[in-house]
């Protein structure tokens, strides 16, 4: 089902979605765009390239409360924080970010114990994917082509959106998407020309150039395994790294978290909070022992996790080439160059 | 009911705390809004104690130490003076009312000064009203 | 509502606390489930662990020390962690009294591979505090319904001194049985000590268990492991037949939080029990 | 001012000479990044690395950040612009490095730009200086005659704000914080490991990126850097959500300079102001 | 988790009048971890104490909170109580609801509310308290006494007589100090040398005293019970082991130096003993005035010395000693009055300083005890000026305490030895001491003239050349006095030794604004200092007369003895410690500690704290950015928890 709406009426669409549930959409903030929960439909702004942080927080918020309790009270007075979510709409996610949800699904949803929070959020959400603007060149940091992701890949979205001049074309990809498109009265029917434009756009998206190299998961895994003990290599590539958490926090596929108890007077909450393998205390044990004390060990862990461990464990590279880590790295470490380097080493 | 502020006092063991005791011994009455924590020296005060106190809902924080030169540990309060001065500037620039944080040198013999300072400071805090900027209203749940 | 949320602990009561060692920093806690359903759901095998949880303090992953053959409770032997600053959860646990109620989340991780062990001779080597899940296994194997499923059982257990041996009553009971060969040693005895003196690797060499149809399960401090492994290699044990249990900083215990990996394996969900063969495939450095 | 290309050549020349002569084991300067606009901090340890050295208007990095990564006593050559040289002085004061182990390659420069915004940062975060305070070698000619702007001039707007307005401003800024800790990790003075905020005993603040914890983290960090911040602005440039931390640091630095009569990182023989005192310090500072 | 007992005291009505104590106890029992809460009329009474002890046993309490008077009153009492009942004493918390609540309010609502808040804070804090134990260290039984004046001599003898080994360190070549310069002592007028020299000799002879003259302390390390001290023996150029004190050398020596002992009134030889009764009575060479050292030729002393004791090659040597306690008795100087140009000292030969006059009276002095002035004449009129530089806002505000009395003594001696008229210019006469007022009265009767008024100026007489005019306002008559005299005696301020600040630094003693050493407490610990194991005696602490000095010396000896008579001692338990895992190596602690307790271990890259030096102020903990320093009993966690508890209600 193909629908359309004029981009300058986007706030009407937003309002319609807000009537049905939570709407997460790109909003221009002081320092750039981000997905935020929309309070005012006028906030929604599709004139962005990509957001600072990835939209993973829609399903895996920075902070998730598990249990509320009061210290000094009997243990059975603790209450599990209910997770009754209204339907949510993630509006405007770029294809590479949509791809990241599939990768995260494997970890949270399809292996071993299922993470109930991720699962429920994923199930209740409708994803409106949004093709990159093919007229404009890719950002220098981006390299999703390397990971086999096109600039207009609709896979993974429930509804996929393409910009056509002043219009936004919305095509349903899944039954869930079809259902919601059918319900949205603010949309107009797409014409045959729109349909053609849409299909060509998707095709063109495959050719859209970002930085690209030939990266076969098995090969990079093997290469990284061989390189594992090459301390010289890791020390060299990590020589600029300052071990902050920017790359992991903006990354769409980083999922490490910490579980902690926060208290105020007698109230307490057990919650999980994002953590980063780049932090020095990430692996610090209660005994005081820390297996990763050097910067190079932490960077090695991060790279291996994405390009080797994840491949060994789940069969896919845990990176979608969105380039956020490179763009926001305070010292301009470029994961793409690093992988290139590793392949050559 | 009128506003009864919560005021945190942090007093050094040797001068201000003893001075506060003296105020008691001489039965000098002052408002009961001040709750004193005893530390050995005003230099023990970590600036984060003060930030935390405001977060926990203190409407004012009063620090008391020995007069400069009279520190039981020779120079503790001279360091404290610098550190607390910086603390005050930080709070001010963050936008907290300057009057909510005060440092006073009160010796062991200045029971009357202690009572006066508490009286005056309490009145000042009442004037300023409840401190709501840094205070954590409740344990933050969903963002 | 989510059923069986894996992050939510269930309540248990501490019914018994045993002060295990002279230094009073290791205690065994016997926990009884407050709800029957929770108990029924807590089906475990030796070698698994659980997250013990104290609200306001946090959680700590602890190996299960009791055997599933002992119904009605689970036991955990906990060391108070931290050299200078005590570990938050373990020290809070140590401050508890019998009757206190805490949370438990589990069972977690894999277990000693029972099926693999069946019909084989079992050599259990333990050092110091790292004996808790081995004790679980020994008691499991010694249970009258299980004993015949396993071959000879040899236990070599050592501690720095007699006061630091765990489960002293059980050790004594094992000595009396003839279906288990238990060898207890200490690095340095005291006046009252009548038993063996000597380091675990040396004792292993002396006892020289046969590798034939045998599996060795080795847990202990790094130094002990370092010197014990060569002894077993020399005796002819293959890497596939030497098992150990790893320790890492864990949080979620279910392979989600991403911190306890060794190579591509998560210790909490893929382990904690690994054979040396499996470990060989993983990086030695983390 | 010597042009950046010439400075780059001089940098390469000197780095080569120092490494060749074995005078230093490592040269801390700037290397090629994934494009012109994104150079990287770079540690040249061999003559072969020298060719990768670059210098352009985006080389903002304060290389003093990396000094502590090398074992005590390692001979290090370090490229230092004005603010960076102050960081080095401050670190020498704090005995984290020894002056005699360093060859400071001073870079007098203006017109340096923020990579993200392309904005010239001279007036904002170079402490009002163009020339390094201390150096062994100069990689370009000293700059004279360039207009000196007080480093504290940008504060006027914020100082003039009403306290309610200022509170609203900072609250909004700190609420953005995602606690990635890039600010502290980019800071040459924040060498603590573990940072107080990572402590478990006591837990000074929640780990979650929420207002109270963010406030505690930033306010305490300002205090820890009081009298030590050398105004390089790395914290603000590192911040992925653009919190103008440098403004607060500047304010604290300004107050410290006024109260204690000493600016951070200006003299090797100074003592960090908050672990020092003078008997004649006035009680006025508490008012 | 914890098992806390709360005990609320009524203190009769002292507390109960403005706090509802039973309500407070009830409130306490609702707080988490509180297993028992009681109130009682007098907690500090025997039944009250027993109640606490019983509850500790019965309820297996592991924390006790006593809600009563100030901890400064009864903390010690209750610590003993819980210690006896088997609990570590540091698991006690006192909540001060008397001095800081019930006595400062009349409103029972307010009082009860505040008491609850304070109690809640205490409960929060109590949960986090940990038992502390004091470390026990071995104590070295030897003592070092620095300064060989009367204070040092007295302290050394007292200690030596108890069997302790004493090192007496003196920087001059003889012991004796200022007292050896005096002729007579007030008010008894007994001869100073007669009472002092036997003591000096006793020091020399005492088997337990190692006398170290011409020595200076160059380094002090360690801490109470275990000081490591380095002493510099200055080169004497005379081998004292060989010298038999024949003093033939001093006769032949051509070098001339200033006789310090005679206040520079005469010259002495380059090789010399300071005065005839010096101890040890062996000479030293004053390098600055020795012809050989100045010109490279002479060596007369070497030639006359039969015992080959002269050794021009001698160099400073260092000795290291270990002691358990130290007594600092470094004495005083008189203020240099030259800068006070109005009194003309140094300008007019007729103006004398007090110590110079002492030497004039002394039979061993430059004039062999005759009062003749620099011009050789006997004065006809003498003015003695009190309070020169002391009790003076522009110079030293303190009263030098002894000037009044020695000025009276001078007047008496002048009267005795000359026929001069003696005038005293005083502000007021301070004669507080045994027999002092009587002495004053006696001098009044000796026809000494007292003029109450501070002298404004001493000028040369224009009429009679060589005579001096003393100008002052007589505040009794209100008239301006211009008195012609021959001799003016100044009584200058007693001030600390010029190197007192250096000595303070060496021993970690603080000094007051003048440079006198600070006692730990002006009333209750006048001899102890902030540095544990280091005591002060005599005028280095403040101006005083001989009896007070001797009393202090005895007191300091007794204090030192309380340390060195023990084989082991307990150290303060509430010290700071470093958690090396969290130390970032910033060394802030090392920079700020007034006691030098933290030091940096470069090998490990972390700070370490010598607990024996730590006084537990907690400064290091607050400057530690990583919270690596744990200030025991006042840890960050404990203080934060207490704040949280105080702010809850």
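Chains: A, B, C, D and E, in written order; residue numbering restarts at 1 for each.
Keep in mind that, in the parts below, a contact is a pair of C-beta atoms (placed from the backbone, for glycine too) under 8 Å apart; a residue touches a chain by one contact, two chains touch by 3 or more.
Just so we're clear, the structure is a prediction, and the values are computed from it rather than from any experiment.
Undergrad: What's the fewest number of moves from chain A to chain B, given that each move must go to a chain touching the current one?
TA: Minimum step count, chain A to chain B: 1.
Undergrad: Quick check for the class: compute each chain's Cα centroid; which one is farthest from the centroid of chain E?
TA: It is A whose centre lies farthest from that of chain E.
Undergrad: So using the touch definition from the top, which pair is joined by more C-beta contacts, A-E or B-D?
TA: B-D
Undergrad: Report, in whole Å, the distance between the mean C-alpha point of chain A and the mean C-alpha point of chain D.
TA: One centre to the other, that is 32 Å.
Undergrad: In whole angstrom, how far does the Cα centroid of chain D sit from the Cα centroid of chain E?
TA: That pair's centroid distance is 47 Å.
Undergrad: Mind checking the centre-to-centre distance between chain A and chain C? Centres are C-alpha means, answer in whole Å.
TA: Centre-to-centre distance between chain A and chain C: 39 Å.
Undergrad: Using the average of all C-alpha atoms in each chain as its centre, how far is it in Å between chain C and chain E?
TA: 63
Undergrad: Two or more other chains touching the same residue: where does that happen in chain B?
TA: 47-48, 52, 56, 69, 75, 79, 83, 136, 143
Undergrad: Among the residues of chain D, which ones contact at least 2 other chains?
TA: Residues 193-194, 196, 201, 204, 206, 208, 210, 274-276 of chain D each touch two or more of the other chains.
Undergrad: Two or more other chains in contact with one residue: find those residues in chain E.
TA: 581-582, 592, 623, 636, 640, 644, 648
Undergrad: Each pair of chains that touch: what are they?
TA: A-B, A-C, A-D, A-E, B-D, B-E, C-D, C-E, D-E
Undergrad: Going by the contact rule at the top, pick out the chain C residues touching chain A in the complex.
TA: By the definition above, chain C touches chain A via 1-2, 5-8, 11, 34, 53, 55-60, 81-84, 87-90, 101-103, 247-249, 251-252, 254-259, 261, 263-265, 269, 283, 285-286.
Undergrad: Could you list, by residue number, the parts of chain B that touch chain A in their complex?
TA: 56, 136, 138-139, 141-143
Undergrad: Would you mind writing out the residues of chain D in touch with chain C in their complex?
TA: 200-201
Undergrad: Spell out the residues on chain A that touch chain D in their complex, using ranges where they run on.
TA: Listed in rising order, the residues of chain A that touch chain D are 29-31, 52-53, 62-63, 140-141, 239-240, 242-246, 248-250, 258, 260, 262, 271, 273, 276, 279-281, 284, 295, 326, 328, 330-334, 336-337.
Undergrad: Would you pull the chain A residues touching chain E in the complex into a rising list?
TA: The touching residues are 71-73, 265-266, 288.
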